[in-house]
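Okay, so subunit A shows up in both of these, paired with subunit B first and subunit C after.
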Partner chain A sequence: MRALLFRRLLTAIPTLLCVVVLSFVLMRLAPGGPFDGERALDEETRAALDAAYGLDLPLGEQIILYIGRIVRGDFGPSLVYRDFTVSELIAQGLPVSLTIGGLALLLSCALGIGGGLWAAVRAGRWQDEAVMGAATLLTALPVFVTGPLFVLIFALGLGWLPVSGWEAGSPSHLVLPVVALALPFAGAIAKLTRAGLAKALNEDHVRTARARGLAESQVIARHALRPALVPVASYLGPAAAGLLTGAVIIETVFALPGLGRYFVQGALNRDYPLVLGVVTLYAGLIILFNLVADLIYGWLDPRMRAE
Partner chain B sequence: MSVYTVDGLHVRIDGELVVEDVGFAVGAGECVALAGASGSGKSQSCLAPFGLSPGIPAGSARLGKTELIGADPATLRQIRGKDVGFVFQHPLTALTPHLTIGAQLSEAWRQGGAPPPSRSDMIAALDRVGLDEPENRLDQFPHRLSGGQRQRALIGMAIAHRPKLLIADEPVSALDASLRAEIMALLDTLRREDGLALLLVSHDLAAIGRHADRLVMLRGGRVEESGPAARHLAAPTSAYGRELVAATPRLTDPPPDLAETGAPLLLAENVHVSFPRPGWRRGRIEAVSGASLTVHEGEALALVGGSGSGKSTLARAIARLGPLDRGQVCWREETLPERKRMLPRYRRLIQPVFQDPAASLDPQWQVSDIIAEPLRHLRPGLGKGDRAELVGATLQEVDLPAEFADRLPRALSGGQSQRVAIARALVSEPEMLVLDEATSALDVLVAGRVLDLLERLRQKRNLALLFITHDLAVARRLCHRIAVMEAGEIVEEGPAQRIIATPAHRATQKLVTASGV
Partner chain C sequence: MNRRATPDNPRTGRGRPGRIPLLIVAAIALAALVVPPLLPWTHSAIGWDAVRAPLFAPGHLLGTDTVGRDLLARTLVGTRVTLAVALAAALVALIIGTAWGAIAGWCGGRIDEAMMRIVDGLYALPFMFVVILLMVVFGRSIVLVFIGIGAVEWLTMARVVRGQVIALKERPFVTAAEAAGASPVRILTGHILPNVAGVALAYLLLTVPQVVMVESFLSFLGLGVQEPLTSLGILVKEGADDMDLQPHALLIPGGVLVLVIVCLTIAGERLRDRLAR
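This part shows the complex of A and B:
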């Protein structure tokens, strides 16, 4: 366990380095630059700006300087939002994204695992068909359809909830974006749980548990559920990182000041440090969540624990 | 006074009658065996009355005074938890992988309403079923235990709540010969000491003869004969019973009549095979250390040993299907090239047949394509028509009708699949077959017929056979010579009769005892 953590942290460093270098080069390959606007800047101003931000140095040197800075935790200044550093922008956007994404993650797990379990126990009956049909529908509907639809029905039509905005994270403003974001994930998790449980309930060890005289609820809870959740865990690793670092569409539909917005804006404006900062954060989270998924595997099935 | 009485039992699965009018009674301390080929309804007869199979039972099955047929699921559950214990076939899958042995034992213990066991209670329970280091085992997950250890743990759990009746569904079929004997002896002890009634499901008539008091022989869901086990095995009253008894290889059978063998064909000398340790640990595990053997033309040589003795690894190294560190293999004076340089010319000579017929056939391929595949690689000069002709002839040689050519593997039974695998090995006209437990996964009757087929092919084609098995009785039926392996070394080798009559090495003696002489 400790060895696994140590090994993962050790391999995380070169992985992150690769991500940083690759995205650095890719960003620079894209045409245009941060100071290109409708009106071309005169040569002198442009050279002065480039010199100020170190953009006139050779690319290799820039990469090394940049890596040296992020090792010290400094992601540099934003080139477009002139008065802010990238760290400040992330510090503003991340809590919003984490709140929305974290709540959506919890909700989708609760709905998905609960629904999948409920359907699996009623395998072959109409309730099973209904839940699985709904799950398919949810996975098929993109958030740019459900989001505006929810706004139309629950905000504009019924007037129960606000249309959009953040308002320092007031609960009523959270409901619609969280639900809209969670539903497709809930559908996928429900299908995975249902399939995993149907398989697990036919395993030999479940028959042994039944032979032991356990009630069916205990058979499921103690003997069948954990093996059934293995596919869910492998789905959740990458999905969680995506959810938490900001769902661009949801943030746009509900006008939320999350990280996703900065990421897209940064890419469009060629705000190199901003994009690199968000990419590094995203890569770090992916590595972290895959590690968490591996730890969960080990708990679900001890055979998967690293030697 | 019988503990469990079954009378006029019928079981239906999806409307189809799979058990018809079966009856028997098991008394305290008594062992009744249900025997028969696969699909004869033995497991269904045992499990359906207790609600452990999809089968729907009718008739009568009484545990003490309680009628099980028609009882509601909650009552059946209570009965399972309190009065009956179950042991199943596959120790590898019958235990829950994510719960420790201790957690599962404690769970089984409490089902009958007993208070939770203390740690020392559980250690004593595991010690009783002969599990070594019981203290440590409690905190281990099942995958840390070997097959035999898991089966002991499973038995410990099955008797933890002190049941009156123990139902053992093929409890030893997945284990090797010496473990089989040990587990059966354990069941005997428990039966004697606790007065446990034992209902044993088995297709192994030799084991039934040693352990059961009474025998019920089933065929197609009906009782063919039933009565005292010893009498019915010595003189079966039905044609089916005679066929089953005849198909069961026993060490006491008269010696088979085997043809003379020819000149040395394959000579393996001082073979070493090792594997790197798993994970990040250094060093290698020696699987075969310095084994040598010779196979003659037309000779059947049995390579016998317990699980993990290195017999499969050695055979794979010889056939150039697995790695080989040191040593050399000669084929008629010529040294065989190493694995990656095996030309079709050499590959054609030695062909393998594996244990699990279902797993060794590609489920997407038709039988004719499966059999023809070696020809494409080993005899590329052959035209399409010739290939089809050869495939047809080979199908006939393994006693499969010609219409099997366009079937898919899932439409074949275990025995038929193994015949297809044998045909695939034969089609390139090899001079030697390497058979890795080729009959172990098959039922007695089917295995007997496959053994007969192999013997016939050996004579007709003057084939050499390297026959890997853990069962001495099977080896004796087919093979001229036996080589016994233990811990990666060949510890004894000689003519089959001599090895069985006067085993010299401790490992051989253990195997002979396990086969019940």
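This part shows the complex of A and C:
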């Protein structure tokens, strides 16, 4: 297991470097810069600005300097939010995004595994068909449709919950964004759990357990569930990436002060350091999450632990 | 026990090719192509005398938006743009994915390993952000929207095609073609790829809704298709901004979007499951 983790880390670091270099080069190739306003700046001012932000150095040198600073946690100053450094913006936005994303991940796992289990036990009956149909529908619902729809129904229509905002993370402000973000992933996890369990219930060791006279609930809990969850674990990596992208929309819809909103603002305003910082952080988070998924994988399937 | 437990058991009726879902999508696509020229309004004609017309208003079946543009025309044109972008991007993904997977699967060995390592690495990247970066860098032209999306959605296709090619490589008819002296290029294009086509089509069907989702996502954020052109993502965004006064401006484009995604997903999954048996 340790060897596996070590190997994964060995590929994770070059991947992260590639992301940084690639996005850096792309951003610099972009036509138009952060100082292109309504009025063209005169040569001297522009040169002074470029020098101040290090934009006049050769590209290779800029990249190396940038990576050196990232390693020390310094993502440079934001070009649009002039009073803040990118690190400060990230420090403000990250807790919000992590709260929303983490809660949504927990909710989607609970709903998905629960629903998939419930359907698999009733395989072939109408309950199974209903849950799987609902799961297919859920995976097809984009968050930018469900988000506004929830606001329309539960906030504007019924008046049960606030329309938007953060309010220092008060629970009532969290419900709608978290549920809207979690639903598509709950659908996907339910499908995977259902399929995994259907397969696991036909395996030899499960037949043996049944032959020993174990109750069906025991058979599932002790023998079938763990192998059935392996595909769910391998979905967690892509799910984390999906949750991060979904969070961008959710934060826009519900006006939450998270990373995703800064990212969109940065992208629209060509705020290079901000966009680069957030992309680097997202790539790091996704790689970290894939590592965690590998650990869960090893725990679920002992064969993975052997070299 | 659990005779009906497998998802593609013919008895449960699942696994049939999705004719009905495909027909629904075809009907929507046909309406989006044929109807707009017949309407008295274009999708971008502003009408200050008919701002926020309600549903079934005279001349505006679905009402109008905040600047009096006809929502029926806008929804149909938006559907057309979304479907066109999705199809084009899925084709880009099909071409890159098939070529990449076929070459990796055919060559095998180190080349295969290196090529699939790259695919694995790319899987770990935050795609949406790569696409957004591309949009920021190259400006928000519609051509780049679909090339950009297609260029990041080809990974699954590459994996699937590679698996198929490896399985087909050992089949007698390939050996026969080799013995007859056919060149590798000819064997790949003439003998192997035609046999991959069915599975590739199933994954093409599954890629289209993915791309619809990505395109709408970008347009919703203002990073995709630009005005005066419109797309379902833009319409959902505009509807969401005005939903307290006109809920149908959100519900109709949102409904069309969800219907297209659900239908294509079901059709693709059924075709895939049928071919897997």
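Basically, the second predicted complex is superposed on the first by the 290 of 307 C-alpha atoms of A that agree within 3 Å, B and C clash if a C-alpha of one lies under 4 Å from a C-alpha of the other, contacts with A are read in each partner's own complex, and residues count from 1 in each chain.
Following the convention adopted for this analysis, contacts are C-beta pairs under 8 Å (C-beta built on N, C-alpha and C of every residue); 3 or more make two chains touch, one makes a residue touch a chain.
Every value quoted in this text rests on a predicted model; they were computed, and no experiment measured them.
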Partner chain(s) touched by A:R270 [first = subunit B, second = subunit C, both, neither]: second
Which of subunit B and subunit C A:F6 touches, first, second, both or neither: neither
A:R226 touches, of subunit B and subunit C: first, second, both or neither? first
Subunit B versus subunit C as contact partner of A:E203, first or second or both or neither: first
Partner, of subunit C and subunit B, that touches more residues belonging to subunit A: C
Partner chain(s) touched by A:V151 [first = subunit B, second = subunit C, both, neither]: second
Overlapping contact positions on subunit A, where the subunit C interface meets the subunit B interface: 210
Interfacial residue positions of subunit C with respect to subunit A in the complex: 1-7, 12, 121, 123-130, 132-139, 209, 213, 216-217, 220-223, 233, 236-237, 239-240, 243-244, 247, 250-251, 254, 257-258, 261-262, 265-266, 269
Partner subunit B, residues of subunit A touching it in the complex: 203-215, 222-223, 226-227, 299-303, 306-307
In the complex with subunit C, residue positions of subunit A that touch it: 11, 15, 18-19, 23, 26-27, 29-31, 120, 123-124, 129, 132, 136-137, 139-142, 144-145, 147-149, 151-152, 156, 194-195, 198-199, 201-202, 210, 237-238, 241, 244-245, 248-249, 252-253, 263-264, 267-268, 270, 275, 278-279, 282-283, 286-287, 290
Of all residues in subunit B, those that touch subunit A in their complex: 50, 52, 77-82, 84-86, 88, 90, 93-99, 107-108, 111-112, 141, 143, 154, 157-158, 278-281
